[in-house]
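Shared between the two complexes below is chain A, which pairs with chain B and chain C, respectively.
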Partner chain A sequence: MINIEKLTKDFGPFRAVDDISFEVKKGEVLGFLGPNGAGKSTTMKMITGFITPTKGDAKICGESILDAPISVKQKIGYLPEGAPAYPDMTPFEFLHFIAEIRGFTGEDANVKVNNAIKKVNLESVIHKPIDNLSKGFKRRVGLAQAILHDPEILIMDEPTDGLDPNQKHEVRELIKQMAKEKAIVVSTHILEEVHAVCSRAIIIAQGKILFDGTPDELSARSSFHNAVNLLLETKDDALAIEAKLNTLSHASSVEHAAAGDNLIRFFVKPKKGVSILNDVNELAASNHWTVKELHVMEGQLDEVFRDITTSSSDAKGVQLT
Partner chain B sequence: MNMILAIFKRELRNYFATPVAYVFIVVFLVLTGVFTFYLGGFYERGQADLQPFFNYHPWLYLFLIPAISMRLWAEERKAGTIELLMTLPITTSQAVIAKFLAAWAFTSIALAFTFPIWITVNYLGDPDNLIILTSYFGSLLMAGAFLAVGSCISATTRNQVIAFIIAVVICFGFILSGFPMVLDFFKSWAPQIIVNAVSSLSFLTHFTAIERGVIDLRDLIYFASFIGCWLFANVIVVDMKKAD
Partner chain C sequence: MQQYLEVAKKEFLDHIRNGWVIAIAISFMVFACIITLAGLGFTGEVGVGDNKTTLMSLSSLVFYLVPLLGLLLGYDSIAGERERGTLDLLLSYPISTHQIIVGKWIGLVCVLFVTLFLGLIVPTIIGLSFGQTIGQWFALLMMSTWLGLIFLTLALWLSTYPWERAKLLGISIGLWLVLVILFDVGFIGLLVATSGELSNTIVENIFYINPASLLRFLMIQTMFDQSVINELGLQGSIPGVFSLLIALLIWSALPLVLAARKMSRY
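Our next item is the complex of A and B:
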């Protein structure tokens, strides 16, 4: 439903978005990841028609944002970064304004506004000026505005930024509820969010796509993917145990860290594509170690993220010097 | 059309959402009173007309209209709501027109509140009410011209104070260009056609023509095209600067 074709945006000599192409289908939730200034917001602004791309095009349900901006904008619900809203209006007035501009009148408008208010739990504040609302409520007003017309395409720029954990959870639940009938793009720099809501993730840095795949594929890139986390209570020397773990045929490397009185935590990384849990378990049993914890890790996303995004900036750094 | 109406209503309500609108109307009314009765010598003239009232409108508008127009776009850009507005299914022209009309409607409300002076002059004498009506019409047209400048300038900056000052300066230029002093300066060296061109750019030239009770097509075309040009520029400026 969303087709991004070679989208490029220059600000003067600075290329913010560099030849990005991707596709989002109905039912997909695309997580848009990247460090600050990577071009996430710029890309979203181009898809929603706020800024014009230097090159390339964004097609929404087959229609180009350049050729048919109005009809495309009707199909999109957009939550801009920071969820801007008119501070002097109440959420009730504001949502009615949005409903009117989206072409709903009379009872139809009331139904749409009430549905949106219910979905994001705004009931308690609908008659207070938006200016006086907490950050969480302001964000929800922005969300209500974006989903009011039940759009086929939902684009949200950092929808959970600055929210407390409960509010984050609510927003994620809301996104998951809506995911089936829509194509959703969510930008974030919170990595847990990817596993929590997204069916696909794209990492961009310096305007280029560096990764495009499922969240599982993303965590598979971690060197800690399928690694075994082992917590032992022992008075033995950590290095001695580490050496034993290293003898396992499937182990590629072992790290350890002190974890309190007589507790040592080991990370046993396996060779690619093999499971090492059984081997570690057997080794622990034969050595009569006191195992406090033993589990397989999914992989550390922040490590992958750092890996992917910094290696590209290093490359750039080399070019510059 | 519905979209224009929706934005128009929001903008107009926005003026009255804060005390600023009421303060503005009071200031406007007090100043028109001061200008008419003290500077204009309304009583001393002993004539049953509203010339001393209308004569000062260009000068009042010079400072008051940019105060109305300064927030139109600067506020949206500062608050980031311009991103919301411009990603709604409306064209930039619709937004520009709606905002302009809202500001213009607000100005006409303020102008309508000067009706006591019309009652006064009718009570005191027997004025030509048709002339008064055309003068009101001319004053409103001129206010529209000021607003179009102000709205365009407002889109160039996030800072309302800067928008105000630049709009005042530009409007001042358009008032001055009809002033005898300025025209004399041009007359001393420039050919008549340039003098005429400069003079015909002025609000004053066209406003005083309408104020005399004559609605000339040329004056209407002047104000209409003046507003049209500035709003067109406004659309371009919004498109260029909205994402900055």
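Our next item is the complex of A and C:
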């Protein structure tokens, strides 16, 4: 439903978005990841019409944002970064204003507004000025405005940024609920979000796409993917234990870190494509170690993220010199 | 059509809600009342109030203050939305950029009209009870609104440029200083400096670059009789009503067109 074709945006001599192409289908939630300044917001602003692309195009349900902007905008719901709204208005006034701007009138507008209010649980505050609302409620007002017309496409720029854990959870649940009938793009720099809501992830840095795949594929890039996390209570020397773990035939490397009084954490990384949990478990039993924790890791996303995004800036540095 | 009106309504209600209309209308009214009463007082004779003096003082007040009101009303209109992030939102809706600009413009013109109406209503009642004609007061209201409208439209156009609000405010106040306060002084200075050798064509046409002067001439031409013009020493050097109207219409429409064009290329 969303087809991004070689989108590029220059601000003067600076290229903020560089030849980005991707596709999002119905039922997909695409996580748009990248460090600050990567070009996430700029890309979203081009899709939603605030910024005109320098080059390239985006097709929404087959229609170009350049040729049919009005028709495209009818199909998109957009939550800009920070969920801006008119502070003096109440959510009720704000949503009615937007309904009218979107061309709904009378009963139709009322139904649309009421549905949106119910979906995001805004009932308790609809007549208070938006300025006086908590951050969580403000974000919900932003969400309500984005889903008011029940769009096929939802574009959300950092929808959970700055919220407390409960509020984050609420917003994610809402996104998951809506995922089935829509194509959704969510930008974030929070990696846990990827597994929580996304069916696919794209990582961009300095305007370029560096990774495009499923969250599992992303985790698999981590050297900690399928590694075993072992927490022991012991007075023994960590290096001695590490040496024993290293003797396991399937282990590729072992790291350790102190984890408190008499506690040591070990990360046992397996050789590619093998499982090492049983081996570690047996070794622990035969040595009578006091095991506090033992589990397989999915992979550390922040490691992957750092790996992917910093190697690109190194490459750029080389180019420049 | 619905979109134009909806944008206009919102712009209008925003200024009611945030107290702009009330605050400005009351301050304006206080000034206007003082001037009206002072003007009536000049004549010494209550009841035969000197229309001319009062109206002339009032139109001076209008001439100096209303352009500033217009500029203050307009400069923030797009820039404020950009800074708050709501312009991003507005442009993501299926509404064209000229609907946004023209809608806002209509709303702001209504704000201006209501503010000036409220600001002038009390002085009008005072004036009427002293036997002045309603036609002149109405003309004053309409021409004040037009004067404000021109400066409002200029500021709206400025507002479409992606500059900071502080910069836009600075430019707006500068524009007011140059066109309203300094223009006449500069003009006289020019006359003196060239020791009257400036060609008549320049003297007669220089006013077209300043909408404030044009509107003041229109006020003088339509609200006062020839004797006032003579008193002011302006006989012969004021453009005719027809050319004034044409020039003022251009001054009102051109910035709006430019604003809409600028927005569509954002």
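The definition used in the following text is that the second predicted complex is superposed on the first by the 321 of 321 C-alpha atoms of A that agree within 3 Å, B and C clash if a C-alpha of one lies under 4 Å from a C-alpha of the other, contacts with A are read in each partner's own complex, and residues count from 1 in each chain.
Keep this in mind: a residue touches a chain if its C-beta (ideal position, glycine included) is under 8 Å from a C-beta of that chain, and two chains touch if they have at least 3 such contacts.
Model, not experiment: these values are computed from the prediction.
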Exercise. Put the two structures on top of each other at chain A: do chain B and chain C fit, or clash?
Worked result: clash
For this session: Identify the partner contact of A:Pro84: answer first if only chain B is touched, second if only chain C is, both if each is, neither if none is.
Result: both
For this session: Considering only touches as defined above, state whether A:Glu100 meets chain B (first), chain C (second), both or neither.
Result: both
Exercise. After lining up the shared chain so the two structures overlap, which partner does A:Ile76 touch, if you call chain B first and chain C second: first, second, both or neither?
Worked result: both
For this session: Once the structures are superposed on A, label A:Gly49 by its partner contacts, choosing first (chain B), second (chain C), both or neither.
Result: both
For this session: Residue by residue on chain A, keep only those touching chain B in one complex and chain C in the other, then list them.
Result: 45, 48-51, 70-71, 73-74, 76, 78, 80-82, 84-89, 97-98, 100-103, 105, 145
Problem set entry | Interfacial residue positions of chain B with respect to chain A in the complex | 2-3, 5-7, 9-10, 13-14, 17-18, 79-81, 83-84, 86-91, 242-243
For this session: Would you tell me which residues of chain A are touching chain C in their complex?
Result: 45, 48-52, 70-71, 73-74, 76, 78, 80-82, 84-89, 97-98, 100-103, 105, 145
Seminar exercise, completed: Counting only contacts in the complex, chain C reaches chain A at residues 2-3, 6-7, 10, 14, 17-18, 84-96, 265-266
Exercise. Which residues, counting only chain A, touch chain B once they are in their complex?
Worked result: 45, 48-51, 69-71, 73-74, 76, 78, 80-82, 84-89, 93, 97-98, 100-103, 105, 145
